[in-house]
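Next come two complexes, and both contain subunit A; in the first it sits with subunit B, in the second with subunit C.
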Partner chain A sequence: MSNTPHEAILDVRHLKKYFPIEKGFLRRVAGYVRAVDDVSFSVRKGQTMGLVGESGCGKTTTAWTIIRLHEATAGEVYFRVRDGEILDMAALEKGRLKEIRRYMGVVFQDPYASLNPRKTVLDIVADPLLNYGVKRGEREARVAELLTMVGLDPSTMPRYPHAFSGGQRQRIGIARALALSPSLLIADEPVSALDVSVQAQILNLLSDLRDKLGLSYLFIAHDLSVIQHICDRVAVMYMGSIVEEADTEVLFSQPAHPYTASLMAALPVPDPHKPWNPKLNGEVGKPSETGSGCVFAHRCPYADQICHDETPTLETKTTDTKDSHLVACHFADELQLDA
Partner chain B sequence: MNNRGRGILRRLASHKSAVVGASILLFFAILAVFAPLIATHDPREADVSARLKGWSVDHYFGTDGVGRDIFSRIVYGSQVSLKVGIIAMTLSISVGALLGILAGYYGGWLDNIIMRLMDMMLPLPSILLAMVIVAILGTSLTNAIIAVSIVYIPQYARILRAAVLKIREQDYVTAARVIGASDFRILWNAILPNCVAPLIVQATLGMGEAILIAAGLSFLGLGAEVGEPEWGAMLNENRQLIRRAPWTVMTPGVAIFLTVLGFNLLGDALRDVLDPQLKMQGKTR
Partner chain C sequence: MNTVNNSNRDWLIDIKDLHVKFSQDDETINAVNGVDIRVHKGEAVGIVGESGCGKTVTSYSMLNILPSNGEIVSGEVRYREDNGNVIDITRLNPRSREMRRLRGGEIAMIFQEPMASFSPVHTIRDQIAEGILLHQPPKDKRVREIIIEYLGMVGISNPERAIDAYPFQLSGGMRQRAMIAMALACNPKVLVADEPTTALDVTIQAQVLMLIKKMQQELGLALVLITHDLGVIAHMADFVYVMYLGRVVERGPVVKIFNSPKHPYTRDLIRSIPKLNTPEKRLATIQGNVPDASRLPSGCAFHPRCREIIGETCRRDQPVLEEVEADHFAGCFLYSTHEETEPNTGGTDSVEYPS
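Let's look at the complex of A and B:
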């Protein structure tokens, strides 16, 4: 991997999360859902790493496993704490989780579900401060500061979430995530529940905050245009695996994996005369039935015998001048795909 | 909360059965609180010269077989009934809610043990279960209250468990966990306030039932001691007189009926107002 550890704030290595499928009265384990299957990537300091893929591909599970809302089946998650110490989140004792979690903020997908309807904005944003023992007097000042930072009027503090619009609620959610001055922000589809016009505002707010506060983002989305707008680097996930990873510009101009290319072809073009023909047929396979071979083989228009027999590894594309373009495809160097 | 609370009060005030139910309960609450001022006679004092008198200015609701003033006994009886209702519900809500929350939040084997125990209690008719418990503990009003509380524990456990299961999966609970909240804080701050609505409804309805069961136990001689002004016990004492002096039985019967009706009306109204899914029906009523 080209990213040397010292510039990565989060380094995920061979992360796996399998959910057992239990059957019958005795809860016999009949198989596993491989929600996250050997995923490696890193988030560089001050940058935004995008994780993109269709629903059910394991994006959110990856994030949840990183912050230990799920226990990883295998793998390491190296996180650089403020003072430079690097800790493996996946192996950390439960008791120490709290001390690390203050450095990781999380923004949730649905701003209607992520704010407790029975709490005022002050209580919601001050909640993390309370958990880490910030005194009452200081809390209110900090909340006012945070609200201003995300573009809300501090006088809205005593109101309840129902008095706010979706975009405003998401701003409250962002303020809460920033309350403890984290160094990494994990944003799980932070704009997918919002109107398109509001999406842009929130994305710009996130970009501004990143530059102003020196944050790093792990940004999860299914919308390629959102990803293109905010991310420096993108990993494309399909059925629990990363199939391609590259800098945003490279990925969007020279996609090397057939899946990435078909995702881009599926983007609607705002021109009624231009034909729109998404290239993909068939359904996403069941994540419980992944055997040998490439995860994408049964839908891939270029698939050959080798694709069904051998699982391709995520490797640097050799014909590419950029050495940081990683593709998991047997024919990565031969295929000519257009964006 | 203030705004919300005011909105709920306003909706209750325009809800007919809420107003009727609350008025009935308020009436009995006033009787209970000001019993010494309202009662015209000592509820326990027998006046043999004035046995089985009908309704009169001297004895509003007449007198019973040993000449005790029924009006005064009803007034003091409301103290007992409200006491039974409130204490029994407080006890069973505390225990039931705790069990339900633990079962719902932690799940797994703890959930299984707690809920299977509750399942064992649920199918038994409440009065039968209460009788068994009193038979074990011994006859007294306190034990009747304890019995009633135990009988209602499974209901609250089930309600809270269901509510917690639903709320546990909400993003704001996950959010609380991510920002370092302890289990206790998550339960107390994020989950419990959102479970209150179904609990209030069930508690109001349950209070009426508790009073009914406690009166039933007293009627069967398993609750209040003989001679105490308790509505159920009064029914029991005077049941042979139902032909000769029907008022001796009717009056406590009507008192029980009205109290239970009051709780049920208010409980139904609260359900309409607090449960968003039923809100529209509540308004059209």
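Let's look at the complex of A and C:
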């Protein structure tokens, strides 16, 4: 396990998920999409780890591979169960997996698509309880408790999802994720489908729940300002790889990877006085066409020959006083990037 | 940034007291309830608000493309042509020759989802050519050359190849560029963009917004930008309209809206965005949810969520837009100049523009 000051609840090591590209009548494998390519990070107990990146960067696939909605191509996912036992999720057999999965809750992106419209709120939130054999009498009381916890009136239990607004639906989704008292909550873009004013409510709720219940979060989002607000530590992903990882404060004040800096520059800040100078040209390449070299080289304004030839590894930035700032860039110690 | 809404300048679009309703399952939804918006030549107007505030319906009214269950109940959408001729778009049949001439030819639109708004079975060339042939059939040049020129102008690399592509063969960013090329190809005076970058990644969003800004300035277009994103508004708009539940609650030059927001809704909206590099760990929120548009609250529609509610007046009466400072209006009783607010009857709250 890592030698971090906080013990890790989840430790992902060299995780890979390749999807085969099949061609022709015989479904011959013509290549692979490297959706997640050698990703390592850990989630510390009681903290929020953020994965940020643009669409197709592999952040959702990473989460799905962790909970084994996808089977990993390679790598280990160490999860610390309540009693301190550490298990490799990626290697567990099915029966044991179900037993362990109850400690991981998942909140999905789209509160309209992730709730069954034919089920009542009671049935939706009680579903995990049913699945893990909680008795009927206890289920309703637990659902009432959960709904109160997420700020909904327990009397709304017999209603159907369509009667709720987007923000309320996401609260239902959070209640369902918390039903089995997990220790890790994986939130995949939990606020991106919500209006600004409602988004703030949900972010505050997630922070409160984390502190109150002692949860740890793996928080996936594309929005840097949301990530910065809620996360303690952040990993920036690009085309299946982590290009930079640091504590939130360090990452946002001293970004060391050119991609991180370009992402920040591209974000229009809601203040007309602040300059807005997005510089990044080009588009994200095809994940099936990654060869040697840095994944970001074709768009990077600082790229040199070495960037196209050699793949940089994620290493501690030496000029940084903190040893927890990891960057995958050949010029990480030389570049002076603006936050 | 241009100098802001100078009302003496020529206006191109003038919306007055627009009311739009939708009927759905025996229910009437009042989507737009008395909106006044004025768009001047070369100006970038931003309309901002959350879902259900009526911003998209307002923009559809400008092109007379409301869905079949939508209806303009009252109000005017006037368009002023180069020769000074003023046309009320609401009085035109959506399918009439006159409306078709204006739509695309004078007022063009960019939609949110470029994949859904292009036809999947026609090439980019066919779809852009349709507009050009309808609005200004070329005399000397071939249509193909014109299209390639526009595709190049919007930054599509290798336009000679892209022109024969089908929309699904282009990336999201490139599709949105092609849509901009299509909108510009008929030399419109006004470009209406409804959430043009919401479906795009942040780095691509930045590229497309920069392109829209550049095109607007180079071609001297008026831009109507509809978005929920205050960050986009801050950097793209000269003049801002903030909408809530079918009404404009505040309007003013972009700097004033962000420096000194007057309406409690605008204030809370700006406060509730997580901002980069701010120490606060708790976000300000707006209590409750946006109410259902079919069940509008009485009085000021924002009163159930308002933190600065004054009293009974807010629950009973409809505030009108009042000038709080030069060129900056807010519809809130905090700024009411009347001692006694009169019960509002529809249509009296139209706003006088200084001229």
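The definition used in the following text is that the second predicted complex is superposed on the first by the 328 of 339 C-alpha atoms of A that agree within 3 Å, B and C clash if a C-alpha of one lies under 4 Å from a C-alpha of the other, contacts with A are read in each partner's own complex, and residues count from 1 in each chain.
Throughout what follows, a contact is a pair of C-beta atoms (placed from the backbone, for glycine too) under 8 Å apart; a residue touches a chain by one contact, two chains touch by 3 or more.
Quick caveat, the model's predicted, so the values are computed rather than measured.
Taken together through their common subunit A, the two structures put subunit B and subunit C side by side without a clash.
In the superposition on chain A, A:Ala328 contacts neither subunit B nor subunit C. In the superposed pair of complexes, A:His222 makes contact with subunit C only, with no contact to subunit B. Contacts of A:Ala8 after superposition on the shared chain: neither subunit B nor subunit C is touched.
Once the two complexes are laid over each other on the shared chain, residue contacts for A:Ile242 go to neither subunit B nor subunit C. Looking at the shared chain after the overlay, A:Pro128 reaches subunit B, while subunit C stays out of its contact range. Once the two complexes are overlaid on the shared chain, A:Leu146 sits clear of subunit B and of subunit C alike. Of the two partner chains placed by superposition, only subunit C is touched by A:Asn204; subunit B is not.
After superposition on the shared chain, subunit A has more residues touched by C, the comparison being subunit B against subunit C. Applying the stated contact rule after C-alpha superposition, one finds that A:Pro270 touches subunit C and leaves subunit B untouched.
Once you line the two complexes up on chain A, you'll see the smallest CA to CA distance from subunit B to subunit C is 9 Å. Note: no residue of subunit A belongs to the subunit B contact set and to the subunit C contact set alike, using the contact criterion stated above. Subunit C makes touch with subunit A in their complex at residues 1, 50-51, 171, 173-174, 201-207, 209-210, 228-236, 254-255, 258, 268-270, 272-277, 281-286, 289-290. Interface residues of subunit B, counted against subunit A in their complex, comprise 1, 3-4, 170-172, 174-182, 185, 189-190, 193-194.
Of all the residues in subunit A, the ones that touch subunit C in their complex are 54-55, 165-168, 195-201, 203-204, 207, 222-226, 228-229, 252-253, 262-274, 276, 278, 280-281, 283-284, 339.
The part of subunit A that touches subunit B in the complex is made up of residues 67, 69, 98, 101-102, 104, 106, 108-110, 113-119, 127-128, 131-132, 160, 173, 176, 179-180.
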